[in-house]
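The structure is given below, and queries will be raised subsequently.
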Amino acid sequence: MKLKYGMIGGGNGAFIGDVHRRGAFLGGYANLVCGCFTRNPQKNQEAAQQWGVEDPSRVYKNYQEMAEAESQREDGIDFVAITTPNDTHYDIARLFLEKGIHVICDKPVTSTLEQAKDLKRIAQEKNLCFGVTYSYFGYAMVHQAREMIEAGKIGKIVYVTTEYPQDWLLLNLRDEETRKKMWRIDPARARGSLCTVDIGTHLEALIHAATGLTITKVLARFDYTVDDIPLETNSNVMLQLSNGASGNLWSSIVAVGQDADVRIRIYGTEGSLEWYHGKPGLLKYARLGEPVQYLAMNRDYNGADSLSMSHLPAGHPEGYYEAFGNIYERFCKDVIARQEGATEKKYDYPDIDYGIHGVRFVDACVESNEKGNVWITL
Amino acid sequence: MKLKYGMIGGGNGAFIGDVHRRGAFLGGYANLVCGCFTRNPQKNQEAAQQWGVEDPSRVYKNYQEMAEAESQREDGIDFVAITTPNDTHYDIARLFLEKGIHVICDKPVTSTLEQAKDLKRIAQEKNLCFGVTYSYFGYAMVHQAREMIEAGKIGKIVYVTTEYPQDWLLLNLRDEETRKKMWRIDPARARGSLCTVDIGTHLEALIHAATGLTITKVLARFDYTVDDIPLETNSNVMLQLSNGASGNLWSSIVAVGQDADVRIRIYGTEGSLEWYHGKPGLLKYARLGEPVQYLAMNRDYNGADSLSMSHLPAGHPEGYYEAFGNIYERFCKDVIARQEGATEKKYDYPDIDYGIHGVRFVDACVESNEKGNVWITL
Amino acid sequence: MKLKYGMIGGGNGAFIGDVHRRGAFLGGYANLVCGCFTRNPQKNQEAAQQWGVEDPSRVYKNYQEMAEAESQREDGIDFVAITTPNDTHYDIARLFLEKGIHVICDKPVTSTLEQAKDLKRIAQEKNLCFGVTYSYFGYAMVHQAREMIEAGKIGKIVYVTTEYPQDWLLLNLRDEETRKKMWRIDPARARGSLCTVDIGTHLEALIHAATGLTITKVLARFDYTVDDIPLETNSNVMLQLSNGASGNLWSSIVAVGQDADVRIRIYGTEGSLEWYHGKPGLLKYARLGEPVQYLAMNRDYNGADSLSMSHLPAGHPEGYYEAFGNIYERFCKDVIARQEGATEKKYDYPDIDYGIHGVRFVDACVESNEKGNVWITL
Amino acid sequence: MKLKYGMIGGGNGAFIGDVHRRGAFLGGYANLVCGCFTRNPQKNQEAAQQWGVEDPSRVYKNYQEMAEAESQREDGIDFVAITTPNDTHYDIARLFLEKGIHVICDKPVTSTLEQAKDLKRIAQEKNLCFGVTYSYFGYAMVHQAREMIEAGKIGKIVYVTTEYPQDWLLLNLRDEETRKKMWRIDPARARGSLCTVDIGTHLEALIHAATGLTITKVLARFDYTVDDIPLETNSNVMLQLSNGASGNLWSSIVAVGQDADVRIRIYGTEGSLEWYHGKPGLLKYARLGEPVQYLAMNRDYNGADSLSMSHLPAGHPEGYYEAFGNIYERFCKDVIARQEGATEKKYDYPDIDYGIHGVRFVDACVESNEKGNVWITL
């Protein structure tokens, strides 16, 4: 436990706060020592206690106070984890960066592209790490795909299709109280996108993590399937990728019966790869004219990058917490490297560039849809 | 075995001829009594013998001769099955219709929309049945989906996504001899489409069979992934459906490792349905907030239409031949009904209207792609 | 269509009669020309008509009359298919054999071992073919397993486990009328076994078909889970196999929610194979330390025996009818070979030796269970 | 973080040590403050540092010293986690109990039944908690099964079959160095069982966790498939369960291609349940004559016990660490309850009674096999 960190957000019952906490712990590199978990003072203290913050004076009433106090302490935090609603990320992140504190933040990193670029600028100036927790980056077999692609195992990529169907919106709408708390469906806070910014963006990052390619053009069509929500709840995006290949990206928060069923299929001239969140420890691999194979996590035949993200013997499931743990582990190692003198990123994890591209992707989709489903260049 | 039929094509080793033969037999309504299976005289006789055509004089050297002879015989055929390359369907079908013989024909029914409409006109004038063998119509659980949708089990449909990934083209290209025989990749015969017309069109028919909806608009993007084939080998189509819902349709003949993996997923406001060709006897059904269900073919809880297409106890797989058999059975019953005096279609099977819509769909996709991926109204 | 055959049974609505009919047709070697489908005269004629028996005089009122008449005709049948209840097989089969007619019969071939051996003796004396329709023999990927084992792909077999869970009994018991018709649950006709003789015996044959091994010892435990049925409805059998390996065989007709879920898993020193009836066109193959593979039916990498039983392009499902068709095709070819002078079996299909071993297996299981679950040598 | 604990073992690279560490953390109830992780002093300190033990003086050179020192400190540990080889558990556990420290220990809890009973006696006398980490108890959907059974959802249980095929032994044998370190294959330490005691025992506990039933009789056959290992590597056990139902239990460490593929299927008179470790967040449920259902973890329709073990939204995989975490959480809560005055177990987790029954089960299997596969009463 070489690092100390604090958390902003996470105390209002959203599951993602606990995911950050568990993820930060798993690798054994970071200890939670302070936080501002919610603006409700009592819940703030409760969350702190539950999560092992030992010193009550390090439970802060707002993030500004925390940034100020922690940056002054000799034993102040090494980094801050930001798990608040999307439209608050920028102000918080900027302040901590300015105080010289490394930042790891939930996605999307900011509301506007300018904000994201601004954060990048500050982080660079101050030689600080900036992680963005695109969760699916953290799965070992996503990296196995990447390693196999780079080794030429599927030839040249010609087509990528990825999807994230889910039904959380419909479930949550059934309860009036839950609905009221959903800041995501408030058009004023949403900047023109609900489904795409919430989960479509995960797929954008996943394509990059799994293939190394980036999206260069989009043609998006948004579907508005819930009567009184003027934001898209289902989203289809045709893609052009940086190597000239085509792609397709579908996300939905109204797909009844689907449970975070993230899937990516990558087709090359000689083979294909498929990864599915429902069985995250497997990677399907086919070569033209040969039997389909399923690679299992943490078997010897996997690549070094994939193995570095695998902890249990094959067949013992690792899941979402462990994926987060893998991202946190690399982020922490990078923070340590900077503390030991590094002046650039030494470990591979989703950083502010992932964040910038994520914002740009959503912006382009919104624009494409508004203009009548035309191609927009990123 | 109440009906006699003849076959055009099927004698050059294409698997689809035998599928027609077996399909026609399964229901027990039709006996193969004549044919022109190939223009090679010896192979023509061999095919006839292998398939049980007992009278060698009814093995014809071309379809014209067969139409002439059979229409003159007192015991001439009741219907003809056409399994030749796509661009020959029209001439053959028209001739037999004109001779007063019912027709069942492979898809796509013709090369142009005008031709398809022409066939419809003649068939109507002559009170003849015209079947088009959109194979996936023949699966019992596709009809179970339709019955459940009509009973309101998933609410209002908001989104449909369907796909047909396959790798046959890449496999066939590996062999020079095989390649030479592929009339499908000859641009002169293809009318601007390879993948969409070959398998995408199956999905178009499947959407209609499974949901009752029709496609009203398309926005298509064709991918040309094989260097020296100037036809699309991968095809993405955004859809608008007749009830206002959106959809997506993907077909590929270069998807390495995929085996006729037809899938359709139908999302409604209250539930969803999914059918997958890899396990055709199952239908996945989810209702919002309830456990996902898998309905199995030929269980009592299925609907009448689905049960009418099921023959074996649950768990005993029925496959592609049986799907064809179901289409043939209904077509044969309809032919019998006409012979007994009916003046309109009495049974549900893919008919010339399916054929017409299929041609229109491909035309619209070609146009959309050519114009730069814009919406085209069907 | 080189052969003519007749059928005994199949006219009372049992699905298996139609399976024989369709199976016999598929390969294109046999034409149904006569039969005694049921003792009910009207239903007998109806079945004949439905199934294409053209000559009403060849619809017989009992099997004796049919054996007599057909053996006298110049154009009499080449073989008979027997699909009646188990305890009637022997008398019927013996009579047709004695009349010089080849026989194909449902399993179990007879009620006693002596009867089975007697049939073998007569068939040998008369140089007649005797097929027993162990359905699972007919699946192409079962043969692929056999070919891979023989090629040493999994090393030495050390363990085989196979299962057939089903719930048909419980479903049928819910309806009083159905229950009355179930000759299988009549202890007087059952010879001490219900589940094992009905479906366990399929697994015994499957082990042999898939591995080439035979069962040499059994230790069986029968479970009597339905109150008023004094026959086992669930059956566990520990096995010793002919190469010294161990095995396990489980069958159940009270396994709620299971649909003919036949599965066999074969473990060797270097690899393993698994075949599952729910996806019969796949074969799972693992080699120690390598990714698991799934071989798909009718792909080029399969063996000659497997390919000879495959008809459709990979991914187009073939099912239970086609499995029956494969058995019939080989049986028919063997009949033709005898007619052309052969004096021994020339094709591989389940024959009277399969039948004999099946009866012996059930007898040994009954004895083992009665003696308190002790090892019985076959 | 209300509790402090120490660990014995875990520092030699065995994965299970880290599983305990992560498991103990997840619920947020316990902090690792001391340990004796290995007898190698340097590795001992390294493990301590890596796992966040802040005080080097609490890294002990043997367990005796640790028990002594920690029981003397005012801020000594609340409980100890024992993750050493099986045959060392007893001495360690007894010592800590005698010092008044709660114990959580890996399975099997001891080498002999007497030892296990002895531990129970001491724990009772001292009012101490004793947990045994039967990992599969910790999966939420195992508890969902239990809750549904208790609510009568499948009627009366008539048959249970469970299996744990794995190939770790064969993989490890390939490397001479690895082989040397495998204390499990040393007959002197193994007490007559390798596979059954290593993984078969997990199934025994799983049956109890999932159904509430206990095993009352066994008939075991051990297979010795690896030439120079005189211990069973594959194990089949026929079961009689406490309600009179039958069962079957198969474990194997030579099942090539299998990855901890634990599965349990429970058949009742009205329904069935199936849980599979490969998709641990699902529970298959069938009712007679109705479509099969799949319940997903953390959906509202699940029971309270299952929900209490679920942390992430449905579809976000939780795995093996989280299962351990669930066991630890309940154990920790029980320790806290004792500290707050409870004089008996207040939370449900696998305790010393699970441990006792596990030892008894293995003993009975060994005896049954040695006596020639006869029934042994537990």
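Order of writing sets the chain letters: A, B, C and D. Residues in each chain are counted from 1.
Methods note: a residue touches a chain if its C-beta (ideal position, glycine included) is under 8 Å from a C-beta of that chain, and two chains touch if they have at least 3 such contacts.
Since this is a predicted model, take the numbers as computed values, not measurements.
*Asks:* Matching over half of the contact pairs by residue number, can you pick out the copy of the B-D interface from C-D, A-B or A-C?
*Replies:* Equivalent contacts to B-D are found in A-C.
*Asks:* Higher C-beta contact count, A-C or A-D?
*Replies:* It is A-D, judged by the count of C-beta pairs in contact.
*Asks:* Averaging over Cα atoms per chain, report the distance between subunit A and subunit B in Å.
*Replies:* Inter-chain centre distance comes to 43 Å.
*Asks:* In whole angstrom, what separates the CA-based centres of subunit A and subunit D?
*Replies:* 34
*Asks:* Hey, how far is the Cα centre of subunit A from the one of subunit C, in Å?
*Replies:* Averaging C-alpha atoms per chain gives centres 55 Å apart.
*Asks:* What are the residue numbers in subunit B that touch two or more other chains?
*Replies:* 258, 285, 289, 292, 296
*Asks:* Please name which positions on subunit C make contact with subunit B in the complex.
*Replies:* 1, 15, 18-19, 22, 25-26, 28, 31, 50-52, 54, 166, 168, 258-261, 277-280, 296, 311-322
*Asks:* Note which residues of subunit C are touching subunit A in the complex, please.
*Replies:* The touching residues are 285, 289-296, 299-301.
*Asks:* Could you list, by residue number, the parts of subunit C that touch subunit D in their complex?
*Replies:* The touching residues are 154, 158-159, 161, 165, 167, 170-171, 174, 219, 221, 223, 225, 234, 236, 238, 246, 248, 250, 252, 254-258, 265, 267-272, 284-289, 292, 373, 375.
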